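A, B, C and D label the chains in the order they appear, each numbered from 1.
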Amino acid sequence: MTDPRVLTVRPEPGTYAWTFGGAPPIARIAPGTVPDLFTEDCFAGRVRSEKDLVSQVCEFPYLNPQTGSFHIEGAQPGDTVAVHFASVEPARDRAASTTVPLFGALTSTHTTASLQPPLPETVWIWELDRDRRTARFAARYSEFTAELPMDPLHGTVGVAPAGLEVRSALVPDAHGGNMDTPEMRAGVTCYLGVNVEGALLSLGDGHARQGEGETCGVAVECAMRTVVVVELLKGVATPWPRIESDTHVISTGSARPLEDAFRISQLDLVRWLVRDYGFGELDAYQFATKTGESPLANVCDTNCTCAAKLRKEWLPARETHRGVHARLREIAATLPRPGR
Amino acid sequence: MTDPRVLTVRPEPGTYAWTFGGAPPIARIAPGTVPDLFTEDCFAGRVRSEKDLVSQVCEFPYLNPQTGSFHIEGAQPGDTVAVHFASVEPARDRAASTTVPLFGALTSTHTTASLQPPLPETVWIWELDRDRRTARFAARYSEFTAELPMDPLHGTVGVAPAGLEVRSALVPDAHGGNMDTPEMRAGVTCYLGVNVEGALLSLGDGHARQGEGETCGVAVECAMRTVVVVELLKGVATPWPRIESDTHVISTGSARPLEDAFRISQLDLVRWLVRDYGFGELDAYQFATKTGESPLANVCDTNCTCAAKLRKEWLPARETHRGVHARLREIAATLPRPGR
Amino acid sequence: MTDPRVLTVRPEPGTYAWTFGGAPPIARIAPGTVPDLFTEDCFAGRVRSEKDLVSQVCEFPYLNPQTGSFHIEGAQPGDTVAVHFASVEPARDRAASTTVPLFGALTSTHTTASLQPPLPETVWIWELDRDRRTARFAARYSEFTAELPMDPLHGTVGVAPAGLEVRSALVPDAHGGNMDTPEMRAGVTCYLGVNVEGALLSLGDGHARQGEGETCGVAVECAMRTVVVVELLKGVATPWPRIESDTHVISTGSARPLEDAFRISQLDLVRWLVRDYGFGELDAYQFATKTGESPLANVCDTNCTCAAKLRKEWLPARETHRGVHARLREIAATLPRPGR
Amino acid sequence: MTDPRVLTVRPEPGTYAWTFGGAPPIARIAPGTVPDLFTEDCFAGRVRSEKDLVSQVCEFPYLNPQTGSFHIEGAQPGDTVAVHFASVEPARDRAASTTVPLFGALTSTHTTASLQPPLPETVWIWELDRDRRTARFAARYSEFTAELPMDPLHGTVGVAPAGLEVRSALVPDAHGGNMDTPEMRAGVTCYLGVNVEGALLSLGDGHARQGEGETCGVAVECAMRTVVVVELLKGVATPWPRIESDTHVISTGSARPLEDAFRISQLDLVRWLVRDYGFGELDAYQFATKTGESPLANVCDTNCTCAAKLRKEWLPARETHRGVHARLREIAATLPRPGR
């Protein structure tokens, strides 16, 4: 017997989205729908061994395939889509990470341009043990290996951007997109402001784990099987993506220079405290300064992304975003645990 | 008798393009065509008096209307479109400049976010004397007036971007767009790399004059009557927009932080010297460092734009871009001088 | 009976240092010495009530007084000073935080210059409960209060800079200084590269707690009673300040734009893995990308500071910095717990 | 017969200053004094042939020697020193330029850190023809040579900084220093705000010519014989260095990111228009936006420097800086033309 709320999506090759905006809907869904999704990895599945160099096997702009888009019925500009991540599970036993020429934080790039040659291109294949929930790093230039905890997440989730734009799935901005924050793990609700009718939600870019800042530009990239619960908050505007977990409220900002990503995320957090928690603006600025965590998301993409994170337990006991996180959390608890 | 090369374009309301990419062609033109264009000002013509505040009369995203797009026959990714500006003439006797809330270099913005309130919104109306070729500034907060030389130019010219993207006409990037450089005046040829079949060229955002950096975010904005000659260089790639005048070669870069815009423009200039003028790479780096001018274009838009400019007389006497600038200059000389 | 290793320092007014470099030594100490210090708060103790606005009671450049400098016997350029924080305890029952005109991340500043007026100046006085180890926030513009955990730390610790320079105590850079990272708490060892004979160590700027990024520019500022153990690593160079805790290795970088602070800290971490843990360079880059935490320190000072943090348990079991952290940890355990 | 106003200074080796602040005065001079100076090149004269690589022949921090400091009698914090460049003439027939490892705009650096190896180190020796006033570039990797016009200037001029600091002569900031702007040529007056008693003026870093931005980090470096007229403006504050020529007023800003250097220079220009030319603040912002030139000075030093330049002929006919530029210009005209 199938759960009528659940929409199972296993995209055929050729049906992925490569952009936010401009990608035709693969389904129209009502608020409350529970998409059970397969997402391909950022390499479109083409990096399968240490021999598969990105510059040889991947074809720009066909990078970072997104599963979607989903037209959410009733979503209008000025509303907010709430995406609760019920589960995020690697869909294969292997993942890949690489260096990519002129991409990453410790190399010159196409914009931080220099006359220096790019770094060497190398692939690392990671064994995932889905029972023990570990990802195994094996050094390429020595014998070192390490078993690291899996911490699966989606690097990319977003909606169609504002201003008639279509953005590459590699870009993070106000519409979400390739934010690459490790906060986007199972158990959280992501809030995205709607810019076009139907919102046109997509997600992808699964990471078995990543560090904060995603320094070299690539995480432990893997295909995912992911279950989300999608809700709609009518009449609630969300200028920049927010994340809510059981324990934290998290604002994000994406821009260059990185200072601006920080500023955006901090200002959004201040406004969150003002709107939903009753703070005066200067009190909120002051309080966030003393209590906030500021984990970097990425410092490698076309925009950098910063998170501004604050413990709910230190805030007044009030409802935010109409309490939707708690409700979606409960719905997620009723879903069957995904098999493989 | 009409010149068969000339294509007269006077757009109807509702036929402007608001994006690069995604804007349907209003004409297919063969290389060699001479579009004689009307372009509306960046306010879509809505700021007509000191009472017309941008925040009240303009409607985002319907800002910076472009005349186009033009599908250039035969243009393929990897080619270059050459746009020679034969004449750029204000189409009205008045122009407008303004402050715009949270836009400009000497204010916080939506990305350089702060808790400070925006600056006051004010409009300055400029009288243009097209015979004397002057633009008259009248202070709003004192009696000062000044007659400044007109130096008409297009703030925006570009083609559809790469990577399946559609960008707002307010954005400058590798596809050109809203570069806002005073170098884009009559007499120069702009080279734009083709990213999609037909290139999809548009232009707009006429300025009767502007300073370098466009500090407050707004120039002396006016509708233009502009004649360009459009040519196609098959098999010549142009990663970032270039400009050639009778006296200078000019590379551009658009990015944030501004350092990166500078780096892109300088690296492009180095590569231009290497490819077309026979320099070794380090020699070119060295030579450009000692001879280059670096006028800022804009430090206010979503990306900042920098120009890297070098006198041709100091370079070896070689042909660049297949000598197209000289040929288009000659064609321009044969065109009837535009009336009004 | 006094511990002969301990040097008790309670500075008289007029004996604080306001710079790194250029501040005469208040004591010469042998490696192994245990300074038991009083440090004044960043306001030089002048903000005592909500009426004490920084712009009125403080006098530039007499901000951020440092206790020191200490001439460490035998320290030469190319060596490293190890400063182990045995205890960091607020010296008073009250602390202060403020807004400061044109200082902080969510305002224009003297360098991120704008025409906007500064934010209003306000003081928040925090009650510290040293038994319950809490700091009490009381909103100024509403009734909200919160008891937050104390997490005492030093915002500023450093040595004389290289290159004959003298830097304000407000500046963080390669010599340490005003890094404002919450990682600088009791239990950690800070490594600072020596630039001048005797190193000339100072510290100050106690915070009862702070958020990551120190958004408004000011933490919960308080005088401290702090006990450190000072050691010297001859022949070990430390280009940028490092921190070692029982659980983590932490590199730092201080620069603008913030991207550069990130790059410095990440490159230093990569080099740490290569030098002390046997990684190949690209393996280290890759491994750090997948495992690192990147908590921001400050995004408000003259340079921004970023930390790059990695769990020791994931690294090969090797000794770093000659095992000095473990030895200093043991010495700290033998010290009498500070009274008040 | 000697001119009693003229103070001839030919420094002995060992008497140069390497910092602003902290350098003892080599002379006390009264306002109105005319120092006739020899300045050594930025390499301290050690790069004499193509074999003299900076990394081998120069010794950090003994780079960029300054002739000074000069204690200006009567100068107090809050005053302004006016330095009029009467003549700037190369003191030798040769000049040098180089690449320097991890220094410059088109390479990673110690702060824009990457894992890439530095660019190759190369020296270019320039023949200066002082009669024809040309500097001859000879490519190292091909046969190309070019005769370029000499345009001699000082890359570095400054006073002791504020805030008790001592800064390396390689740093540009509010005290002036290594601004590396081609605007600092004969005929201009540079205004520097006084921070310490006596101001402690120094200058050096002669360039036979340079491009805007000084991309590779090095200009056509040469020793200079320079005559300046030094004046003192009591009670005039100058927060950031300004330059006045016969034709232009020029504000400068030095910071990173480059946006901030731009912002500082533009805000200073706005304030100049408000204080001395009677503009309202928003009128000044608007007018400068439409009329300003924004030539980059350097995008390679520890801070980047931007100039904001406006034609005097477009301004109201008023006196600025008490008319000192015109007076110093006249004095300069009475000086004997320097021999060699």
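Note that contacts are C-beta pairs under 8 Å (C-beta built on N, C-alpha and C of every residue); 3 or more make two chains touch, one makes a residue touch a chain.
Because the structure is a prediction, the values reported are computed rather than measured.
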Chain hops separating subunit C from subunit A, counting only touching neighbours: 1
Most remote chain, CA-based centroid, reference being subunit A: D
Pair in C-D, B-D or A-B that repeats A-C, with over half of contact pairs matching by residue number: B-D
Distance from the mean Cα position of subunit D to that of subunit C, given in whole angstrom: 36
Interchain centroid distance [CA atoms averaged], subunit B/subunit D, Å: 33
Geometric centre distance via CA averages, subunit C-subunit B, whole Å: 48
Two or more partner chains touched - positions in subunit B: 106, 112-115, 119, 256-257, 259, 263, 266-267, 270, 281-282, 285
Chain contact graph, described as a line, ring, star, complete graph or other shape: complete
List of subunit C residues in touch with subunit D within their complex: 18-19, 21-22, 60-61, 110-115, 162-168, 170, 253, 255-257, 259-260, 263-264, 266-267, 270, 281-282, 285
Subunit C residues touching subunit A - in the complex, by the definition given at the top: 97, 99, 105-106, 119-120, 122, 124, 135, 137, 139-142, 144, 146, 148, 209-220, 256-259, 262-263, 266-267, 270, 278-283, 285-296, 299, 304, 306, 308, 314, 316
Complex contacts: residues of subunit A adjacent to subunit D: 106-108, 112-119, 257, 259
